[in-house]
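In the two complexes below, chain A is the common chain; its partner is chain B in one and chain C in the other.
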Partner chain A sequence: MKVQRLRSTQILLLTILFLFPATGFGKLFKVSSGSISIQSAINVAHDGDTLFITAGKYLQHDIVVNKRITILGEPNAIIDAVSKYQGFLIQHDSVFIQGIQVSNTGRTAVTDMAGIKVINAKGVRIFNCKLINNSFGIYLQNSTACTVSNNLVQSTIANEINGGNGIHAWKSGNLLINNNVVSGHRDGIYFEFVTDSKILSNRSEHNLRYGLHFMFSNNDAYSKNVFQDNGAGVAVMYSNHVLMTDNIFTHNWGEAAYGLLLKDITDSKILHNRFIKNTVAIYMEGTTRVDVKRNLIEDNGWALRVQASCSGSNFNENNFLGNSFDVATNGTLMLNYFDRNFWDKYDGYDLNKDNIGDVPYYPVSMYSVVTEKIPPAMILYHSVFTNVLDEVEKVLPTLTPDKLKDDHPAMRKIAL
Partner chain B sequence: MHMKTIVKYVLLDLIKNKTVAVYTIVLFILSFSVLGMSGNISKGILSLLNVTLLFVPLINLLFSTIYFFNSSEFIELLLAQPVKRKTMLLANYTGVATALTAAYVIGIGVPVMMLAFNPASLMLLLSGVFLTLVFSAIGLLIFVIFSDKTKGIGAAIVTALFFTLIFDGLLLAFIYSFSDYPIDKPVIGFISLNPIDLGRILVLLKLDVAVMMGYSGALFKKFLGSFIGIAYACTCLLIWVALPLIASVRIFRRKNL
Partner chain C sequence: MRYIALLIAAIYLMGCKSEFEPITYGKDPCEHCKMTIVDKRFACELLTEKGKPYKFDDLGCLLQWLKQNSNAGKNARLFIANYAAPDDKFLDAYQAKYIHSETLHTPMNGNYAAFESNAAAQDVAAQLQSNILTWNDLK
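Take a look at the complex of A and B:
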């Protein structure tokens, strides 16, 4: 009994100790638009102090945060970089910034101008900030264990060239990016050389290029995000051990748009996502050992485009509904395995009533083989001739890769 | 005797015709069930497009051919009257084409306007009407070329088959053999030679599946999706109506009945 009571006191003490440096023990500086500049307030502050920025417009820029301080903003505390400069440059560990709005950074080709830039720091937290009309929104450079939560990152760029990314991370690790809403940038979220990080419950939409762009980033996970109406969908390239679960990829619709584009990916998992109304739901090139399991793939132009350079991937227990083409491929060799998926176009039978079709399903249609070889043949899309071709090929497969088949197609939609 | 009078009699006869009535009702039920079943409007229109492309040419061509042959006695009787051969022939065509167009507009147009009114469905209606006009004109041409009804029906079947299937097969063979060359423009040219393809592409470009047509699709869209492109396609289709009619009148003028 006595031991336990001591423990709870200890916990209470520890909690107080942890909480107070941020708010209690340090000094509190109040900055309003009439008083001293934010930079000079930071200059006189010490580690553990708090800066409270009252509502108002601050025409200030390149604010260097080189101390372990907390910066809190009142609603409508707006830092305006007058389309020439950057907002905050955080260069110290464990800085906490919350509730600030940064607007109108400059746009140059020389430096990546960002609303909030974190440089060589650890444990920085950016919460509830608004980043409106900036080149780059939040920029993490060579930083570890940072958290970016509940931010709104918005811009309206006209073309890819003068626009930056919403949340940009480079050469970082152990990041947590969650609950942000990113729109109107070049890439919504961009990861390059970022490891062991998580991207959770974000919403990335109406970005010019990719909703999420992954390059050379290993051991990362992204879940429960929504990627909608992006110019080219989501791209995951040159990475391994990426876990993609419970995301929604929807309405990435256009000439060269993909729900999810995978290029040179190894040992990754795509589980329980929803792909709805994309031109191509999943495009795979040069992938090795990627598991695609229990996803819903509905109303897409192509459900899967698996190039012949992919190997060792498994496609199991996915639902394929209402796609114009189920699978397209550019070769006859197929080193990937399809098993126990539900295909709405399957018209086989199930004599022993075990809910598994007795004859294999061939998901590559004749016409999709033809158009993959000669794209101009797409002009015959939906003509009676090609419909007849497909039916004939179904009865007697000759041109379609015969190894690409699902030996155990589900008779009923799989409950996901 | 005026053209109007002949058109009136042909129309009165066709209203009593069971085939036209069945055709209308089948189209009507089909469109209602297709649009009702698929929750997605765009998909419903795609299915109706398939129906239009497969059935409209075949049925219109066969029906008009058979109808013209069946009324050859009526035509001979009319020619005993003081009426120009040209007027008489065109009046007959107008009657048949009006009835079949009405059947299409009621059968597909009404359900589509009620359940799925958008630019794509308007384009579907336009294409369907054009296909009706084109293939009943070809029916007339077959009637004036062949004196024998059986041969005429055979020719109608072959013609319908040619435009729905064989032409596209040949086009695919062409695309296949010349795929190394920039063939997008020639392909647009070839498409103009087949009214069914013209109608199909006009509708597809209004649907969001158009992006799936890829790079060449983008080219087609740039051309055929623009106002000039639509005008071009419609002009082509009008020529497709006019050419068989002009040919029929010319041949019929010299025909020994």
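Take a look at the complex of A and C:
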């Protein structure tokens, strides 16, 4: 009994320590809209102190945080940068900011204006904040080991071309971006020169361009995110060792819209994602050694567009369902391998009942070759004439790359 | 019959126009990097001798594309957005003045901004501590 009691006290202590890690034994400052400004409170605070910002509207801006402090906001504590300035500028390691709302930053061509900007800092944590109608929401620059969790980043000025990104990271490393909801920005989440980072369980939707945009960022992983209704889907470019698992890419429609656009990507993995209702589910150009495995690719215009510049990629155990075109390519030579996928258009047989089709499946239809070369030919899609040509092509392949085939097509949908 | 002839002539003429084609921001993709063009300050366009337009989101992309497609790019006309007035008419890229700075953060890290004249470029050049360049200085 006694042991038990001791344990629960310990647990309580630990909980307190975890809940208020940076508060430590520092002082607590209370700031309200009538009292001194947040900046003056920071100026008199010391490392380890906590600022508690009560509910209210604060017409304050460019608040420089240059000490290891904790900033806690009461619900409805709103910093309004009156469409001219920035919100917080965090320039010290291990700052913890939680529960604050920052609204209405300025928008200029020369400086990237952000609601919360972290500059040259380590171990900064941004939790449960709201960033509403800012040019950039959260902006990490030259920063490492920062965590951005459970924030709402929203802009309603979506049609403005010169808006910024929701969560923007530049030249940073070891970041964790999780459980955020981002909408209405140029790119929802943007990574440029960011390494060894994780993007988990975020929701990025209704952004003007990309839900997620990756450039020159190596050894990163993104999992369990939902990318929906973005202007052009998700782009992963000029990077290597990117792991993409359990994400949902859906409803990205448009002439240049892709569920996932891959350009110049090497040694990466696309596992167990769902691509549903996109103009092109996956577009690949200049990729090397990318494994596409156990994904569901359903109801897209094109399931895959693999340019001739791609090589050494494997497509295994994916389900291809209800896509207008399964695979399109602009070349005849194929250096990528398709094996053991389920194709709903496969009409072969399985005499030995091993659930693997006895004749190969050729996923590039004659018509997808034609439209790849002459896009306006799409107008004839599904006409009797093209259907006849497609059937003839199946018997006597002339246009389609005969090396591009799945020798072991699954007879039944693969359980994912 | 006359109307049909006129119609055919009109379609024919439409196909022949060799003019700068305006960029639809947020819709048109860059020819080189495939990204959707959104930043008005850095967009540019190449018009081939035969009048086919190619659009780019960054001068860096255009220069790369030119290197890889030197045939198609022969005698092409080049247009680039005016950094100081992105909504104005595009500039002739051969005549424009440029500054080069990492702080510009262009979409593909080409990091060039174009201006109408030396005088127009001066302020930004001083602010970003960059020299003013001409077309021949670009790599």
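The criterion applied here is as follows: the second predicted complex is superposed on the first by the 390 of 416 C-alpha atoms of A that agree within 3 Å, B and C clash if a C-alpha of one lies under 4 Å from a C-alpha of the other, contacts with A are read in each partner's own complex, and residues count from 1 in each chain.
In the analysis below, a contact is a pair of C-beta atoms (placed from the backbone, for glycine too) under 8 Å apart; a residue touches a chain by one contact, two chains touch by 3 or more.
Since this is a predicted model, take the numbers as computed values, not measurements.
Where does A:299 make contact in the superposed view: on chain B (first), on chain C (second), on both, or on neither?
First partner only.
Contact-wise, after the overlay, does A:232 reach chain B, chain C, both or neither (first, second, both, neither)?
So A:232 only meets chain C here.
Check whether A:209 is in contact with chain B, with chain C, with both or with neither, and answer first, second, both or neither.
second
Is A:386 touching anything from chain B or chain C once the two structures are fitted on A? First, second, both or neither.
Only chain B; A:386 stays clear of chain C.
Could you tell me if A:109 is touching chain B, chain C, both of them or neither one (first, second, both, neither)?
Second partner only.
Tell me the contact category for A:375 with respect to chain B and chain C: first, second, both or neither.
The first partner, chain B, only.
With both complexes overlaid on chain A, does A:126 touch chain B (first), chain C (second), both or neither?
Neither partner.
Give one of first, second, both or neither to describe whether A:322 is in contact with chain B, with chain C, with both, or with none.
A:322 contacts chain B only, not chain C.
Which partner does A:254 reach: the first (chain B), the second (chain C), both, or neither?
A:254 sits against chain B and chain C alike.
Among the partners chain B and chain C, which is in contact with a greater number of residues of chain A?
B
Find the residues of chain A that appear in the contact set with chain B and again in the contact set with chain C.
Comparing the two interfaces on chain A, one with chain B and one with chain C, the shared residues are 254-255.
Residues of chain A touching chain B in their complex?
253-255, 257, 279, 299, 301-302, 322, 324, 370-371, 373-388
For the complex, which residues does chain B have touching chain A?
Chain B reaches chain A through residues 40, 43, 46, 49-50, 53-54, 164-165, 168-169, 171-172, 175-176, 179, 183-184, 187, 191, 196-197, 200-201, 204, 208-209, 211-218, 220.
Once bound in the complex, which stretches of chain C touch chain A?
The contact residues of chain C facing chain A are 25-29, 33-36, 38-41, 83, 105, 108-109, 124, 127.
Chain C touches which residues of chain A in the complex?
Counting only chain A, the residues touching chain C are 109-110, 112, 161-162, 186, 208-210, 215-216, 231-232, 235, 237, 254-256, 261, 263, 283, 285.
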